[in-house]
Amino acid sequence: MKYLVLAGAALATLAAALLVGPANLPLADLASSPIVWQLRLPRAVLAFLVGGALGVAGTSLQALVRNPLADPFLLGLSGGAGLGAVAAIALHLPGPWALPLAAFVGAVGAMALVYRLGLVGGGELDPRILLLGGVAVGALAGAITTAIVSLAEATELRNAFLWLWGGFSGASWTTVLVMLAYAPLPLGVLIAAARPLDLLALGEEPAQYLGADVRRLKRVVYLAASLLTAAAVAVAGVIGFVGLVVPHVCRLLWGRLHRTLLPTAFLTGGVLLAAADTLARTVVAPRELPVGIVTALLGVPVFAFLLRRWTVG
Amino acid sequence: MRRWTVRTHLAGLVALAAATCARGERAPAAGPAVIDDAHRRVTLAVPARRIVSLLPSFTEMLFAIGAGDRLVGRTAWCDYPPAALAVPSVGDGIPPNVEAVAARRPDLVVLYRSGPNVTAAEQLERLGVRTVLFDLNRLEELGSVARRLGVLTGHRAAADSLARAMDSLVSQGPESPTPNPKSLAFIVWDNPPIVIGAGSFLDRLAGLAGAHNVFHDIATPSAQVSIETIAARNPDFIAVLSDTAAPPRYAGRPEWRVVPAVRKGRFLVLPGGLFGRPGPRAAEAVRELRRRLETTP
Amino acid sequence: MDRGLIVALRGVTCRYPDAARDSLVGVSLELRAGELHAVLGPNGSGKTTLVRAALGLVPLVAGEVEILGRPAHTWSRRDLARVVGVLPQREDNLFPQRVRETVLLGRYPHLSLLGGVGAADRAALERALVACDAAALADRWLWTLSGGEYQRVRLARALAQEPRLLVLDEPTASLDLRHEMELFELVRTQVDAHGLGALLITHHVNLAARFADQVLILAEGRAVARGAPADVLTRETAAAVFEWPVVISAFEGRPQMIPLRKKEDHQ
């Protein structure tokens, strides 16, 4: 029953994203309008994919670091992406793909650094150190970013920060295809790790006794979740709260077994972000709000509610 | 009636002098004095002889009123008129390098009023250097800035005539009303798309050139919009500020080509020096924009 | 090949990575089907390390470990989880879950990657719950259970793995008398009725002496004594290992240790 509602919500959100927009297209023209095909549809699909990716990444990371307050951007990835984006603009790198690629490289660089920090004796990954390392790397990246911003020309960099705040204005079929080609591998890896992730919730030692190869699991989950997040940032900037709140909503509705949780987190994240993007496009028309702000404004009350439930229950 | 007027004026002057003495101003009331846009009273003993200008428009204006020979420092961006290049540079000015400025031993530093510049001005004042802060965001402010620069440099006549020209440019409508006013949108960034609204002087320039900014309904100087909004408003031209003649990099992307003007390649590439900020060549900018609107297919 | 031999440690010496000293030195143990072995010793004597070494979690410096006739390091984690059910000392519970769900985790070693939970799995789950007298708790939330109930549920999870060997690390540490006795009885029943082996680490010397077939006493990583409770639990051994004067008294043929108060009860 709940699945039907979720599927229905997905369709409704996609329909709304296609129907709503400043161009005021009559229904009859929708199917043939380039505005729908080149702008609204790829944008809605991309928002859905990115939301789904963040939902799954957030769920996996919360299981990995055994912390219900973990968000994919807690691991320094947003700082790395920001640094990459700002460097690309400051260095005037050419081409329309310079910004996303640089952000991706920055995020992956941060991921590698945090990974290296998280490796304790014997090649074992310590999830607690991942969190601390993520904060440290994020702070370092932020400091370097500030240095670049203060040394380089001001106006273009201000626009870089607007990009970083998250948005799907640049959505195109090319970006959608890139996501579709890239995302299935890390997504598949994470869904295959669903049962071991259930076991990991008991603790590393009990999980091993129940058959999970915890060493390998930690590495694989960290890398897959980070790569998904890096792609999301490269394509759409830093969009917070989706990866934090969606796993909790899904756990409340569908329980905590990851075989169900991960797919529903994907759909829920997709619905949430596509809806947020539609709101971002319409509430202050003709202007647009950066999507990251809408998700934060929506996410904070939800997060506060969940926090109360957590500490009371 | 006349005696009453004279007496009132006399009383006013006495009160003003008393107030000035009461505040213990250093400079005698006889030297040039203006109120700047930070609401400070700026007074000099004698008209400025060593001026550092920290904005290209101020540099242009000083040359335009005949005070160019008094310049002892400029920013790296000040490249007009060509004579300005002979003046030593004190850096890019963002933020101003206080030491470099002070090293030129100026008796007046002219700054654009922004947060970092206010701080720099305070630091210069502590070093004993007089500073003056001007707003220069709209065409309407050009006249006032010119007049005050005239007072501070002693070139009042030239400054007043420049100011009159600036004021008349702004107060009149387009030179001749255009039969089919063209529409345009200024796009300054593509991801996310950022356009210019009514709060910016560019919007005013467009109006004076007989064109209509499709985003005139946005009150702020700039705003983020979606590609779809731009497509829906369908401007005849896309105006971009760039010193290279090439069309912008997003012109080839399929999602941007939904905008008819992008698809047809109807770009107005406007050089940054002339169109980047209000300046004494505003009239020339209007003429140039108008010319391009009429001649670009 | 000894068909009844489930786990054998021979002269095992091991050390944790980055540790200064060996945690176990030359420890041996042979556990057969139908036997309950208790491991006793003061804090820090290496009892938990013994479990970890037996299950391949700590690298061996010397000696060997065999499980069901094969060296321990040749077992994959998954295969091992199908024959050994472990109740570690600590376990986290990050998100609320129900009893049935957590016992189901015990079936995971038997589930294939793409396959779902089948009838055989559900049957094994029910059997485990019934065996641990936890069937009535099946739909309760874990956080509503008492300490004794929670341990029974964990034991049910281990039994759901359908193991040949049960390993319990201080399972009754915080339980009251009734629940402690119930748990020991449960384990003994499983061992007797189904031919499981059980390795039980405990502080409760007297219950170990009553329920175990063999007792291993560790001190500072070394095996001090190994054998039947009556042979191993003597006054001298106990007093030396636990560093406290005791007297030994028999009950139902098993030695029971009674600690003395200082300055009283001497001889």
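As written, the chain order gives the labels A, B and C, with residue 1 at the start of each chain.
Keep this in mind: contacts are C-beta pairs under 8 Å (C-beta built on N, C-alpha and C of every residue); 3 or more make two chains touch, one makes a residue touch a chain.
Bear in mind the structure is a predicted one, so any value in this text is a computation, not a measurement.
How would one label the connectivity among the chains shown: line, ring, star, complete, or other?
Looks like a simple chain-to-chain line, open at both ends.
Sort out for me whether A-B or A-C is joined by the greater number of C-beta contact pairs.
A-B
If you average the CA atoms of chain B and of chain C, how many Å lie between those two points?
Centre-to-centre distance between chain B and chain C: 82 Å.
Would you kindly tell me how far, in whole Å, the mean C-alpha position of chain B lies from that of chain A?
Once rounded, the distance between the two centres reads 42 Å.
Can you list the chain A residues in contact with two or more other chains?
none
Applying the document's contact rule, which stretches of chain A touch chain C when the two form their complex?
Touch list, chain A to chain C: 66, 68, 121-122, 192, 195, 198-199, 201-203, 205-206, 208-213, 251, 255-257, 313.
Show which residues of chain C lie in contact with chain A when the two form their complex.
Listed in rising order, the residues of chain C that touch chain A are 17-18, 55, 57, 76-78, 80-82, 84-86, 88, 90-97, 101, 105-106, 108-109, 111, 113, 161.
Would you tell me which residues of chain A are touching chain B in their complex?
Residue positions touching the partner: 21-24, 34-35, 38-40, 42, 94-96, 99, 153-154, 156, 159, 162-163, 167, 169-174, 281, 285-290.
Where on chain B does chain A make contact in their complex?
92, 94, 188-194, 215, 217-218, 223-229, 231-233, 249-250, 253-255, 257-258
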